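The data blocks that follow each hold one structure.
Okay, so chain A shows up in both of these, paired with chain B first and chain C after.
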Partner chain A sequence: MKNKKGKLLSVYWFAILVIVSVGIVLMVNTFYSNPYDVREIESEIISGKVADCVYYGGKVNSELVNINGGFREDFQDKFLEKCSLNFETEDELEKVAYYTEAEFFTEDDETKSVFFLSGGNKNWKVDCGADLKSENLAKCNEKEFYLRTSADSIYLVKVLSIVGKTSENVK
Partner chain B sequence: MLSKNLKGQIGETLTWVIATILIVVVLIFFILGSSLLGNTKKIGNFHKSLTSKTTFEGTDAFLKKSLFTYLLLQSETKRTLLENKLWKMSVDGKFNLDFNETKKDLVLKYDEK
Partner chain C sequence: MKRGEILIENIIFILLNVAFLTILVLFLLQQGNGAVLLENSYAKEIALLIDSARPNTVIHLNLNDLKEVADGNGIPFADVVKIENNYVVVKLSEKGGYRYHFFNEIEVNPHPDVNPDYGGDYILTFSK
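Right after this comes the complex of A and B.
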């Protein structure tokens, strides 16, 4: 009788051990299966890179402006390359997960841009204007600063950076 | 005698059953907790105490760029205009740093040069 009870208790403890082990495995799995969302930081870094590329240490990028102080259109064609940004993916079929743009406004009219630089996948821009808040939408970072050209004229530069990559950052 | 034995057995079984239920409930609670914590895994949204001025200096490259422009401007009228615009942006919460303090710091560094 006593022997039978002892066996039953052993089975019970074994069952508890299994339940607790499964519980711990589940806990670790649920915590670590969620990826870290780094899109906000990533978009901030891209914005910073673009801003530094355009204006650094109080000086406008010499390749961006011509001798007369105007913006060079050819800079736009090689914008990403000139700013050391590479948005290409290894898989050619995979869509580009990034987009960045810089709009230049004169000090007199801050509504109509006079020069525009952009690179990456423009389709992500739709996510920025969306009213609903969802983790599955791309993360947008909009910043602005004033730059001064050698002719002492001021421009407002609005930098927008978007990071898609939802599958890598959201479960 | 038999009744007493049965009562004892029921009591003992009940203790184990309740203990098992408690273990399972606590486990479920922790699993849910880890799942909730897992969803908050974000880099960038730091607690305010971690990013406060006393513990973290922080930076705002965009504000500093604008202030560089402000300092380098030669026309006084343009300077005042830009200062007003920057002040408005600061009120709108567009900067990560305090506008007046950052301006003071940069002006001091600029004057030293």
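Right after this comes the complex of A and C.
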């Protein structure tokens, strides 16, 4: 009788082990099957690079302003190149996975920008304003800082950077 | 006679439990060190390092985890990390490999550390 109880207990014990192991295997598989999502860090790095490109060590990029202290429109044409950013992928048909912009506001009016720089795929901007929270949306990063030109003008600079790359970073 | 039977049953029960736990631990370790997982995470992390690097930077990377897997799969350590047209490529098996795009327009030169004390290290040098 005692022996029967012991056998019964060991059968239940192994049933519990099987249930626990199936649970662990499922949890581990779920955890490791999710790709490592680095888009948030990438968007922060882009914002940092754009900020450093515009204003570094307390000095405005000499290629961004003219002698009179005004912004040079031609900087926009080669914005990505000047800031050492390359958003192009090997496949030309593949849509560009990045977008970045920098808006310049005067100290007096922070609603209307006086100068604007942008590069990349503008279509990603829709994802930043979306109320819906989903991993399938692009990751956005916003950064603000003040800069002082050599002519002592002060500007507020708002940098927005977006990284799409959902196929590589989301299951 | 009866006492002996009970002892054998207990020993088998304990051995089966130990075997079960060993298999479980091995499974967990294998999951965390799989070539696919390592390729994916290291390619992305190296891409992030490149994105934040400035010209004249030199980065020493400890890639012992990758070396162990690459050696096991017969891949030379010098072929594990490659840079191809703004993509980081990490390859740990003959048919595998993972590539991730980086956006920093910078010249990158990855090569294994020749110092035998740092056999599992890679050196990344950056220039304009």
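Definition applied: the second predicted complex is superposed on the first by the 140 of 171 C-alpha atoms of A that agree within 3 Å, B and C clash if a C-alpha of one lies under 4 Å from a C-alpha of the other, contacts with A are read in each partner's own complex, and residues count from 1 in each chain.
The working rule: a contact is a pair of C-beta atoms (placed from the backbone, for glycine too) under 8 Å apart; a residue touches a chain by one contact, two chains touch by 3 or more.
Source: prediction; values computed, not measured.
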| item | value |
| --- | --- |
| Chain B versus chain C as contact partner of A:Glu168, first or second or both or neither | second |
| Partner chain(s) touched by A:Ala130 [first = chain B, second = chain C, both, neither] | neither |
| Chain B versus chain C as contact partner of A:Tyr36, first or second or both or neither | both |
| First, second, both or neither for A:Phe14, with chain B first and chain C second | second |
| Which of chain B and chain C A:Ile46 touches, first, second, both or neither | second |
| Chain B versus chain C as contact partner of A:Tyr98, first or second or both or neither | second |
| Which of chain B and chain C A:Val28 touches, first, second, both or neither | both |
| Which superposed partner A:Ser84 touches (first chain B, second chain C, both, neither) | second |
| Chain B and chain C footprints on chain A, overlapping residues | 28, 32, 35-36, 38, 41, 48 |
| Residue ranges of chain C touching chain A (in the complex, touch as defined) | 6, 9, 13, 16-17, 20, 24, 27-28, 31-32, 34, 37, 40-41, 44-45, 47-48, 51-52, 85-87, 100-101, 103-106 |
| Chain B residues within the chain A interface of the complex | 16, 20, 23-24, 27-28, 30-31, 34-35, 37-39, 41-45, 61-63, 65-66, 68-75, 78, 81-82, 85-86, 89, 94 |
| Residue ranges of chain A in contact with chain B within the complex | 12, 16, 19-20, 23, 26-28, 30-38, 40-41, 44, 47-48, 51-52, 55, 57-58, 107, 143-148, 152, 154, 159, 171 |
| Residues of chain A defined as touching chain C within the complex | 3, 6, 10, 13-14, 17, 21, 24-25, 28-29, 32, 35-36, 38, 41-42, 45-46, 48-49, 81, 84-90, 97-98, 165, 168 |
